[in-house]
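Below you'll find a set of structures to go through.
Presented sequentially are two complexes of chain A, the first with chain B as partner and the second with chain C.
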Partner chain A sequence: MKIGYYPGCTLKTKAKNLEISTIEAMKKLDVEMVELDRWNCCGAVYSLADDDLVHLLAPVRDLIRARDAGLTPLMTLCSMCYNTLARANLLMRNDEVKREAINNFMEEEENYQGEVEVVHLLNFLRDSIGWDKVKAAVENPLDGIKLAPYYGCTLTRPLDVSVDHNTYHNVFGDMMKALGGEVVDFQEAETCCGSYQVISNPDAAEKTTVRIIESALKAGADALVLSCPLCDYNLGKKQADLMASREGIQPLPVVYMSQLMALAFGVPAEMAHFELNPPLTREFLEARGLLARV
Partner chain B sequence: MCDTATIEKKVPEVAEELVPIYIMGKKYEVPASLTIMKAMEYAGYQYIRGAGCRGGICGACATVYRKPGDYHIRVGLACQTVVEADMYLTQIPFFPANRAVYKWEDVRGEAEEVFAAYPELFRCLACNACTKVCPMDIPVMDYVAAIKQGNLEKAAELSFDCIQCGLCATRCMAEMAQYHIAQMVRRLVGAKIAVPSPHVDKQVAAIKSGHYDEALKEVMALGTMDPFNQDANKENIDKLKELYNKRQGESHATDESWEPDDKYALLEDAR
Partner chain C sequence: MPSTITKRSIDMDFIEKVGTISGEAFKTCMQCGTCSTVCPMQESTEVTPRKIIHLAQWGIFSTVMSVNMAWMCASCHTCAVRCPRGIDIPKVVEAIRLLTLRKNKNFVEPFEIVKEQIEEMPQAAMVSTFRKHTA
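Coming up: the complex of A and B.
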């Protein structure tokens, strides 16, 4: 089966480990990800200002490209891209006045009214592949590893774009279970990682990352599982700084959902590009026998 | 600007249809078949900036115009675009655009280096105004996107036809000078990313060895020529024309087996 794919800029630069591990793992499920030929940045953040239409141009343009290429549903891996595209899509479906203004501005494109369906890897696996098929593809189950799936804020908020409509969100946990892992629920699983506040208000961002890491550790997690490069930056790449500047913080390995899926499916480890993760991730996976020591 | 005698000299002999155009708001009647550049000269303007090759390749003559009753901004190269009745036009021969300074020896050809030199890349909102204004029909927004995606080869390819006219920069709401960024990218791709071409090496060696010095000396010996006083050095100008006309170039009709008479810089194994 084929699925339309929107990568997003970061997956082509700093987070190649998220992209490449997914592409390789999906091959094991007989899924070919068809990348959009032409695409631009998703806009990164969905603007909360009601009249800020100019920030919708980028995501809507991507959706138009997907529609024109016949790539619907369109899948994203990054939670932020998912959120931005899905919300822009809903607005184009539901808000007649803004839709007209945006279409009018982009007169060089054919009018768009939300024809594309935006999905995230998680709900794509659940709805279009099914956990049974995922289970069947596992060669190296993540036995005995306590995984804390971290949703952050953009996968489930607001409700109308949430990847999970259950009151108790379990799609991420179900994926980890299908891969043979043990799921650890923790209180701060849907607390924002600090997002771009890391630039404008680093202190506030640090406080929230510490809370998330401590909450996952307290719940007994061996590793935090992510689906977003910005979360990876705040919770993973910045961890070493955190530990240097604050007392009493314990380290917690972070890993992308797709990297675990690739390992579980028996994809060669170099395709999961652990060299782009903090060193802690590799050490942890080696200690658990999921990665050969190098 | 011009005296009557020269104007008379320039008026075509065959009576030609005149059309009204507005240069910076002032109305002129000009022959309908002229390019904007020739029409401006016809109207009495003398170019000291804003014209270069007159062949659509140097990007010096970017022109912006509108037609009555149409809100679209239209653009063209003055040397290539034929006038239309009632067009309101002005040339934008120069638009301030910052160019980043970087040390050539220090760059390795990585996207991060372009990001560091031009952080404004990430202010692009995909408005597409740049693409719409490009007289070369380059998908400017797409090459900006490709750079942001770290795909420098794609950006180099998409921007290849850029003539650095600067019109994209005049329209950018992110205030970037797209064409300077693309030029840095093409330089990186050409020198640090693309596989080196043995043809180029051999040609450069041929130049350095002095193989073309004689031919160049022949041209240089003709001295400086004043284009506004062509009668004064007619002999040298004719000689230059002759040299130019008898130069050898690959004609469109030749096939792959074509070779120049001077085989000095040809690769042995490619033959």
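Coming up: the complex of A and C.
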């Protein structure tokens, strides 16, 4: 089986561990990820201004290329890319006036009407592969590891692009269960990590990351599982700064969902590129014997 | 913070601009405050989302533009999915930000971001910051 793949800017640089671990894990499910040729940055955030169409051109151009290459569904790994592409796609499907304006502006390309289906790894696994098949591919179950799936903002909001339309979101937890892990629900699983405020208002971002980390630890989590490189930066890589500046903060390893999937599927650990995670992640996985098993 | 509302304090042009840029009927807000209870930035904002909407409804331009609410919003949409009136509050807040940014005024100066941070940050952090906080 082949699936269209949109990487986005961060997966080719700071989050290669998210990309490469997914590609390798998907091979174990007989899924080949076909990367969109000549993709450009999606813009990272969806334009919220009603009179601003110019910022929709980047994601729409990606979607046009995906359609022309027959890459539908188009899968993303980064939550921010998922949100931006999925929202732009819905607008092109549902807003006749804006669709016409954008199509007229991009006159070189053939008109686009939202023909591509944008999916995230999580709903692709659930809807196109199925948890039974994921379970069947597990060679090293994540036995006894308490995993806290962290959704953040962009996987589930706004509701029309949510990867899970249940009132109680469980797609992320279901993936962890399929890999043999124990799922820990925690209160702040969908609280924003501060996102880009880490640059503009770092103190404000820090307050929300502390709340998320403390909530997951209180619920008994061994590790926080992520799908977004910006969440990884705020909740993982910035943890060392938190420890240095605040008393009483306990460390919490963070890991991408795909890295756990790769380990569970028996992909060699070096293909999950843990050197790009905070050192704590590797120490935790080594202590749990997860790196030694493969 | 108390605000005095007089006929002269109501800036109709501001109300209209926020409505046009956001595309949201924010006058339908009934001030229930659900948005304020769920905002992850509430510890850091000078006024709550409920209050910023109220100030915008009454066209109190100077207060809306002087408090940090619009710049602290991370557009996480926690408020939007819970608003019983169906108002997309992040869109209203984006409109307020744009009233400054469209005058070519940056909230963040890209060249002031230190080299070490640029080297360690994911690209998505920079792209989203520049989109949200620069002209």
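Heads up, the rule we're going with is that the second predicted complex is superposed on the first by the 292 of 294 C-alpha atoms of A that agree within 3 Å, B and C clash if a C-alpha of one lies under 4 Å from a C-alpha of the other, contacts with A are read in each partner's own complex, and residues count from 1 in each chain.
We adopt the following convention: a contact is a pair of C-beta atoms (placed from the backbone, for glycine too) under 8 Å apart; a residue touches a chain by one contact, two chains touch by 3 or more.
A quick note: this is a predicted structure, and the numbers were derived from the prediction, not measured.
Student: Identify the partner contact of A:Ala49: answer first if only chain B is touched, second if only chain C is, both if each is, neither if none is.
Tutor: Once the two structures are laid over each other on A, A:Ala49 reaches chain C alone.
Student: Which partner chains sit in contact with A:Cys9 here, chain B, chain C, both or neither? Use first/second/both/neither.
Tutor: both
Student: Regarding the shared-chain residue A:Asp203, is it in contact with chain B (first), chain C (second), both, or neither?
Tutor: Second partner only, chain C.
Student: For A:Leu57, decide between first (touching chain B), second (touching chain C), both and neither.
Tutor: Touch status of A:Leu57: first partner only.
Student: Using the superposition described at the top, determine whether chain B or chain C touches more residues of chain A.
Tutor: The partner that reaches more residues of chain A in the superposed model: C.
Student: So in the superposed three-chain picture, is A:Cys41 touching just chain B, just chain C, both, or none of them (first/second/both/neither)?
Tutor: Touch status of A:Cys41: both partners.
Student: By the touch definition at the top of the document, which applies to A:Cys153: first (chain B), second (chain C), both, or neither?
Tutor: After superposition on chain A, A:Cys153 lies in contact with chain C alone.
Student: Looking at A:Ser227, would you say it contacts chain B, chain C, both, or neither? Reply first, second, both or neither.
Tutor: neither
Student: Touch check for A:Lys237: first (chain B), second (chain C), both, or neither?
Tutor: second
Student: Which chain A residues come up in both lists, the one for chain B and the one for chain C?
Tutor: 9, 13, 41, 43, 55
Student: Of all residues in chain B, which touch chain A in the complex?
Tutor: Chain B reaches chain A through residues 111-112, 122, 124-128, 132, 139, 141-142, 144-145, 148-151, 173.
Student: Can you name the residues of chain A that touch chain C in the complex?
Tutor: Those in contact with chain C are residues 8-10, 13-15, 41, 43-45, 47-52, 55, 78, 80, 153, 157-159, 190-192, 194-201, 203-205, 207-208, 211, 228-230, 232-233, 237.
Student: Which of the residues in chain A end up touching chain B in this complex?
Tutor: Residue positions touching the partner: 7, 9, 12-13, 38-41, 43, 54-55, 57-58, 61, 106, 108.
Student: In their complex, what parts of chain C are in touch with chain A?
Tutor: Touch residues, chain C against chain A: 20-24, 40-41, 43-44, 71-72, 74-78, 80-81, 88, 90-91, 94-95, 98, 107-108, 113, 117, 120-129, 131-133.
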